[in-house]
Amino acid sequence: MSSALIADITAPSVNYYMLAPILIVLGGAVLSVLVEAFYPRESRRSAQIALVLTTLVVAFLAVLNIKVDAILGFTIVNSLAIDGVSVFLQGLIILSALVGALLISENRIDPLGDAFAAQSSALPGSEDELAFTERGWYQTEIWSLFLFSVGGMLIFPIANDLLTLFVALEVMSLPLYLLVGMARRRRLLSQEAALKYFVLGAFSSAFMLYGSALVYGFANSVELGDIAKALSASAANSNLMLVGGIFILIGLLFKVGAAPFHQWTPDVYQGAPTAITAFMSAGTKVAAFGALLRVFYVALSGLAWDLSAVLWAIAIITMLVGTIIGVAQSDIKRMLAYSSIAHAGFLLLGVIAQSKAALDGSLFYLAGYAFTSLGAFAVVSLVRDASGEANHLGQWAGLGKRSPVIASVFTLFLLALAGIPLTSGFVGKFAVFAAAYEKGLAPLVVVAVIASAIAGFFYVRVIVLMFFTDASGDEVSVVVPSFATAAAITITAVVTIVLGVIPQPVFDLLSNALFLK
Amino acid sequence: MTAYAWLLVALPLAGAAVLLLGGKRTNAWGHLLGTAMSLGSFGVGVATLIEMLAKTAEERETIIHLWDWIVVGTFHVPVALQLDQLSISFVLLITGVGSLIHIYSIGYMAHDENRRKFFAYLNLFIAAMLVLVLANNYMLLYVGWEGVGLASYLLIGFWIHKPSAATAAKKAFVVNRVGDVGLSLAVMLMFTAFGTVTFGEVNAAAESASTQTATWIGLALLLAACGKSAQFPLQSWLLDAMEGPTPVSALIHAATMVTAGVYLIARSHAIYDIAPIAQTAVIVIGGITLIMGAIIGTAKDDIKKGLAGSTMSQIGYMILGVGLGPVGYVFALFHLITHGFFKAGMFLGAGSVMHGMHDDVNMRHYGNLRTAMKITYATFGMGFLAIIGIPPFAGFWSKDEIIRAAFSHSPLTGIVTLIGAGITAFYMTRMMAMTFFGTARWQDDVHPHESPKSMTIPMMILSIGSAFGGMLLLFVANIESWLEPVVGFEHAHGGPDSSVLIPVTLTIVAIGAMMGWVQYAKREVPLLAPTDVSIFTKAARADLYGDTFNEAVFMRPGQYLTRSLVYVDNKVVDGVVNGTAGLVGVVAAQLRRTQTGFVRSYALVMVLGVVVIGAIAAIVGMA
Amino acid sequence: MNLSLPYLSLLIAIPTFGAVFVGLLRNSNEDQVRKIGVFFSLITAVLAILMAVNYDQSANNVMQFVETYTWIPALGTSFALGVDGISLTLILLAAILVPVVLIAGWKESEGQRGSVRQYVVLTLVTEAMMVGVFAATDVFLFYVFFEAILIPMYILIGRFGGARASYAAVKFLLYSIVGGLLMLVSLIGLWVISKEQFGAGTFDWFALQDLQIDGPTQNWLFLGFFIAFAIKAPLFPFHTWLPDAAGEATPGSATLLVGVLDKIGTFGMIRYLLPLFPLAVDYFRPVIIVMCLVGIIYGALLAIGQSDIKRLIAYTSVSHFGFIALGIFAYTSQGLSGASLYMINHGFSTAALFLIAGFMISRRGSRYIEDFGGVAKVAPLLAGTFLLAGLSSLALPGMSSFVSEFLVLTGTFTRYPVPAIIATIGIVLAALYILLMIQRTMTGEPSDEVRSTVGELTTREKFAITPVIAIILVLGFFPQIVLNVVNPTIERVMILVGATDPLPTQGDNK
Amino acid sequence: MELNNFILLSAILFSIGAVGVLVRRNAIVVFMSVEMMLNAANLAFVTFAKANGSIDGQVIAFFVMVVAAAEVVVGLSIIVSIFRTRRTASIDEASLLKF
Amino acid sequence: MVIAFWICAALAVFGALGMVFSKKAVHSALFVALTMINLAVLYAILEAPFLSMVQIIVYTGAVMMLFLFVLMVVGVDSSDSLTESIKGQRVPALLGASALGVILIGLLGNITMTNIGFDQAYVAYDGNIDALAGLIFTKYLFAFEATSALLITAALGAMVLTHREHAEKPLTQRDLSVLRFKSGNHPGSLPSPGVYARHNAVDIPALLPDGTMAEISVPKPLAARGAIRLIDLASKDEVQALNRGEAVITSQSTDRVEE
């Protein structure tokens, strides 16, 4: 190998402004690993929290910088696309992550510490574990993992080629698999959730990868733009492209929790530490839908007609499965998980519709849903009995009496999830449904509306339990949280209302949110 | 005075308002105020009449426009009073008889703790009845129409603690409502057809209206009249209405309110004049009720119910009379007024009897009361002579004219009226005999005595009316020409001559009276009603099965329907909703089982999903 | 007095402010809270009356007191308010009833799951939203209020009601949500069509009237709106939530619910269905009229069969709403004006019925008819007012409801004689259900329980109920007060939908 | 040499891998099956690289191997940690979360 | 080459099937390794020498070793029952997967594929590895960098989940012995029981040289149950005799339970 030839490899130009949010977050993650290695244990946790929050804030400023200076375009030989959508999604992900970080940092509500096992490697119930707990140790590696995951989420929706997409998927998912399994309480469930999430995640990413291979075979490139070109250039529909496209979609649909690839959702949402569930439900959904939108809008729009039947079916099944099975749930986290499935179904309408309005609607919907979901799970983490969170719905009876404020806030979130006006959920739903209707998806809109009605049933049930039912004898209480969770709940509640009452600023933001093709 | 005609209504209305709103504070003088208001109204009526008399016949009709009531599109209804010969006649009847009954009630209700309220209701009735007869359009008439219904409801149920009274009141109102539907339909028809609901315009437009329209309107109005005037088939409430205090029966259920149907038909004469079918229907209804009421009257032992049956029958005469057209209108109204005198008088007499008999109404417990209650006997007797049509008492003149008119229409109607006259003579004689003649059958603790002056004086005044009212109206007031400008008048042609008819009628009356006398004055009247009687008697006692019919055809099926609908609403209509929710629940519970908890089965679902999606895509791709 | 104030915004803002104020009050006892609530609702009422006084009956402009603020341009919606004759009267109705309800229901918020403070706050919030829903001239804004009002009402029913309140509240909410969602679809449809035809989507009520929509599309869009309104109104067979909700809610809340809130349905029919979907209205009219007729008779028969006073009143409302809708879809000025007037009258007469029934129920501690009897003897004034309210409900001439009911019937008759004849059965049944109830509760000898518990009206109760009864009587003889306001609006609606009153047939063969 | 055969081979391996995931109870074997699927994808990448004459497929396959390695590490550590707790590697045992 | 393909393909499929159908996980792992190696050969056939080597090194060398390693932790010998325990899983699973295969083969079987080869691709580069490097460090630079995050995550994850930290510093040998002696009793081993029993039995205490019984020599559980069989003290002399080697155990000594 001659040195002359190596010199021939001209280094790609890198626009660091564009990359800044990602680099900052991943850099923060690496720093966090170093902190883990070299910082004394006693102050490690606070250092990590400070580092993570700083990183996220700086990353958000970097996103703003992109936005304000309109530094848009492809970078690193088209592997990343920085466009209006990217900026919006990245900003949204970072904000969700900030709220998520606040929740993860909570260590007041559980007398034993935060939501994570003192040492995940210690056997549940072992003397070691007890010793760790008694000493008040924390598994501070979660912060590094968290930042890595956020990094992956930031890349996922802006990846402009299938390889980057795949890698980003893994960067995002692997830390989550781990985080899911690290709950302090009910560790068996937590580990089981991790295993399920992991196995199914790997399974689905195998599909996605295989699809990428087929698409690569068809287009001789994995760049989304090239794929679109190849699609429009080829006269006949290629089986390669069809199968490949479907398989890629499957990988993405898995991540967004669309039926029939949704079954991990309830189990993982239930088993994971609630703070992680909250973060996942917001961050993963945003990132995955961002990616789904990009892949579908940029690369696969040529297949839209071939896939329409499939996507209609998936959207319908997703909406109905999410809402109908949600009716039968008795665990609040599982219920919210099914709600998230249903919302994925609603959002699929925006994906299928393929228009600027649909895009705006979907992005708005994501923004609204992310905060609402974060807030809802944050409230879930506060309702506890002696053994940890009181997740059984029966235990929520009479909550309105014990803690009217928290119950009211949760009601707000439920109403937003149900899509009642003056909450973000309604505006989002409206925008998406309107866009879908505009593109001739009226039947889907009707199904969505029916599903919303069914979903209303189980949201309302919780409200009934909280306010209209007398408490059971259980010793359930709403714990007074630390500033972090209180702040998280306040922020999410405010955002939920503000987006519902004055959504126009967000729509203004979205006005130039387009995909670079 | 005409300009102040609104005082006619306002005075009693104000009386009612003061008495009702004033509460217990007005207890002491409430009855006096009520009576004063009624008398005041009468005074205004008299003054108005005098003013009217000064005018020529054509100028006598005056419309007093008070304010616009409802104006929507072309639907224009004023609150306006129509003063003409017809309405002023009614005004005087109502306020006159009404005032007498107010006075009577002062004594009759002296010991009732709610006397003030009674007078309030009476005032309310007077006001409503005046609205009814003074209205210049059917809508405003409707207000009076239901207003008197309300007053009747309140007064029938005045002794509210008596369940029978409450039921009777409700029944009266509901049955009246059925009739009211007729009135509202008539109004709607008129508006649809003519675009107006005022009497004048309707009557004017009716001249060019099609027979069909007129027929429908006529039938609808007849339905209304049936309800208010207790005509077949809506007669059943009147007998029950006797649960109310006797002055009420006298005023409302004899003299005034129940005759409103006659007034209504007379008012709408232009409609009927061009609708022979409707006219025939009126005649048939009148005839049936005439006979029915009379038959019912023959079997009642309750003095008030007997009189009520008689009222039905007499109103049947009037209805039949107005059904005859211009030959009958005037005489029907004539009979209405005379009937107002003698029937009110008899009711007050009955009240007086009851007053003396400890509120016992069973005539089988009476007998030979003429000795104990001379004034009552005398006044009642006057009424008796008037109703059976003995000349020169009032009833003779009016009834005779109706019979003559009926014969001029057809022999059948004539014969019906004659038979009616015969039965009337029978049951009235029976009543007279059972009450005032024969042997005293009083209970031991009953000591019949004459009523106080406040009661007897009105009775006396009314008996004077019964005696001379007919002649006065016919010969002095010349009622034919008086009412002719309003309702039209034709002399009866055809049929037997009065020289034949009067003797025949009187003969039949005499036969009826003889039979009654023989049976009830000459023979012993058992204390308990005999049970081994003919099916006719049984039927008559059961009000000719009117209630039985209503119960069997409307009430029981209605109750059944209601009950089953409640069931249907809970189980079916609501059931569909709850069922949908339940179905979702069941489906959810089943679908939930798919979430087995096994990773591999989730993976399987994914693979199957992929397969199905692939298959769909392949099929779509090929298609 | 001619003040040019932003009346509508103020009418929304004052109760809202009151609600916040009451909500934030600390260290105040229940009576104070209630007094403050009444104070704010009275200010609102006064302001509403002031607005009504300033309303120009002769003006030709469609909406008055118009206010428009930018809201969500992206969705083509703005915060646009304005009133025409119908909405003006309905806002007045709401503004007058709220203080009445607060005063009449002084005690009914005690001893409930929720606190008195919540009750007052929720009632005021409901009032603000009711004003909003009637004043919105932007369909989106209307929808927002339409849906959002469910929440305070839901809590009012669920937290302050009887034993099965939560079931009733859920039923109410779910029904409404289903209706609302169907309406949402149609709303979206309208928006999309406006986008196609105008280039930009809009929800402006005026602009939407210019849309050219073909028949089949109209039919679908119509259905969405109609079902939502039919549930709200409620028309048969969408009524089953009402007896439960009204039966379980406190009398005050039931009054607001049935008296005002449900009017949104019929109001929406006039405001939105007729001008926006004239073809569809024509298409569906036969079905709707049948629904109305069934509702009139069915509701009345069911009312007869009830043993629970409040449920009975609720069923009477089902019957009344049948009349209102019948008037609307008769498409005559009498029918429409009658229906508009009916809305107001029904509001007051139902208020009277519910509130007085509430007085009785709170005394006796039972909602069941069989537990009463003989009330008239122990509480004649109570009985008298109840009778009066009942007479108003059965549309006795002289009461306000007679005028409206008769107008509806006449208006219907001129176009559809047979349905009008069938509807008159409802008049008879109305007498039955009201008088049966009166007979069973008021007459007879009072039982010992009744004697010991049921007392005469208190001064506060008299104070609350007097204005309602006064209005019922005054409007009975002077309905023109309302009709003068409503008529121009109705005329405009008639022109918009291209309907004209049938001319008198002059006795020609029909 | 038919490159199609390579693709068919990759399809077969992919399907067998899927079968493995579906029928094997041992978590480790399940995981191996996933690896098998990834390898099938790699084979497809490499084959298409040759077919299309572009080296990208090979690069991607290389990346996949790295990613797979990382995934294996994480996956196996999860499996080990579960094994420590439950003393079983059967994936069916992890079925507390359901319905 | 064609023959090589068929052989490798057959072996690869065999390996894959073997993986699925082996009872023992270890066998499965070995079968996977077989497939991997064959894939490496196939890569070589497809002119991807670098990948071929990486396949062997990374997959067969590292990944499969990791698998085996974990299998050892879990238990090499454990064999799975191949009977299905989830109701309704196996048949649909096989059907589904077959259908998947059928669809894939059906849809992919008849695609037209060119065979361009890498000549063009290598023009700018010196062969396969340079070409790969050229792409990795330009076009796929970002993915490359991102994988580092993946690797750190993996390392971190493995540590977090499996590395056992201890709450305290572990004790050294020296610490342990100090501790042992500090407690003061029996630092050494205890005497064995039954030393002087007439027949070998654990319930009979040992006798110390002075003839006293060492009850500590009897296992604690027996002592706790009171099942110690004490030696007849009268025979002390005998013991001493025995000690001196003057006597033999005779049969007249009787077993006695402690009085």
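Lettered A, B, C, D and E in written order, each chain numbered from 1.
Just so it is clear, contacts are C-beta pairs under 8 Å (C-beta built on N, C-alpha and C of every residue); 3 or more make two chains touch, one makes a residue touch a chain.
As the structure is a computational prediction, the values presented were derived from the model and not from experiment.
Trainee: Going by the contact rule set out at the top, which chains touch both subunit D and subunit E?
Mentor: A, B
Trainee: Among the chains, which is located farthest from subunit C on the basis of C-alpha centroids?
Mentor: E
Trainee: Using C-alpha centres only, name the chain that sits farthest from subunit D.
Mentor: Farthest by centroid: B.
Trainee: Between subunit A and subunit B, what is the separation of their C-alpha centroids in Å?
Mentor: Between these chains, centre-to-centre, one finds 78 Å.
Trainee: Just curious, how far off is subunit C from subunit B if you go by their C-alpha centres, in Å?
Mentor: Inter-chain centre distance comes to 36 Å.
Trainee: If you average the CA atoms of subunit B and of subunit D, how many Å lie between those two points?
Mentor: Here the centre of subunit D sits 95 Å away from the centre of subunit B.
Trainee: Distance between subunit B and subunit E based on Cα centroids, please, to the nearest Å.
Mentor: From the centre of subunit B to the centre of subunit E is 105 Å.
Trainee: At least two other chains touched by the same residue of subunit E: list those residues.
Mentor: 86, 89, 93, 96-97, 100, 103-104, 107-108, 111, 113, 139-140, 143, 147, 150, 153-154, 157, 160-162, in rising order.
Trainee: Could you list which residues of subunit C touch at least two other chains?
Mentor: Residues 174 of subunit C touch two or more partner chains.
Trainee: Would you give the residues of subunit D that are in contact with at least 2 other chains, written as numbers and ranges?
Mentor: If we look for residues of subunit D contacting two or more partner chains, we find 7, 14, 17-18, 21-23, 25, 30-31, 42, 47, 51-52, 54, 56, 59-60, 63, 67, 70-71, 74, 77-79, 81, 91-92, 94-99.
Trainee: Which of the chains touch, listed as pairs?
Mentor: Pairs of chains that touch one another: A-B, A-C, A-D, A-E, B-C, B-D, B-E, D-E.
Trainee: Report the residues of subunit B in contact with subunit C in the complex, numbered from low to high.
Mentor: 20, 23, 67-75, 79, 139, 142-143, 145-147, 150, 153, 157, 160-161, 163, 165-167, 169-170, 173-174, 177-178, 180-181, 184-185, 187-189, 191-196, 205-206, 208-210, 212-214, 558, 561-563, 565-566, 569, 573-574, 576-577, 581
Trainee: Mind pulling up the subunit A residues that touch subunit C in the complex?
Mentor: On the subunit A side, the touching residues are 360, 401, 415, 418, 420-422, 426-427, 429-431, 433-434, 437-438, 442, 445-446, 449-450, 452-453, 456-457, 460-461, 463-464, 467-469, 502-504, 507-508, 510-511.
Trainee: What residues on subunit C touch subunit B, complex-wise?
Mentor: These residues of subunit C touch subunit B: 171, 174-175, 236-237, 239-240, 298, 301-302, 304-306, 332-334, 337-338, 374, 376-377, 381, 384, 391, 396-398, 402-403, 406-407, 409-411, 413-414, 417, 420-421, 424-425, 427-428, 430-432, 435-436, 438-439, 442-445, 477-480, 483, 487, 490-491, 501-510.
Trainee: Going by the contact rule set out above, which residues of subunit E touch subunit A in the complex?
Mentor: 103-104, 107-108, 110-111, 113, 124-126, 129-130, 133-134, 137-143, 146-147, 149-150, 152-154, 156-157, 159-168
Trainee: Mind pulling up the subunit B residues that touch subunit D in the complex?
Mentor: So the residues of subunit B touching subunit D come out as 592-593, 595-600, 603-604, 607.
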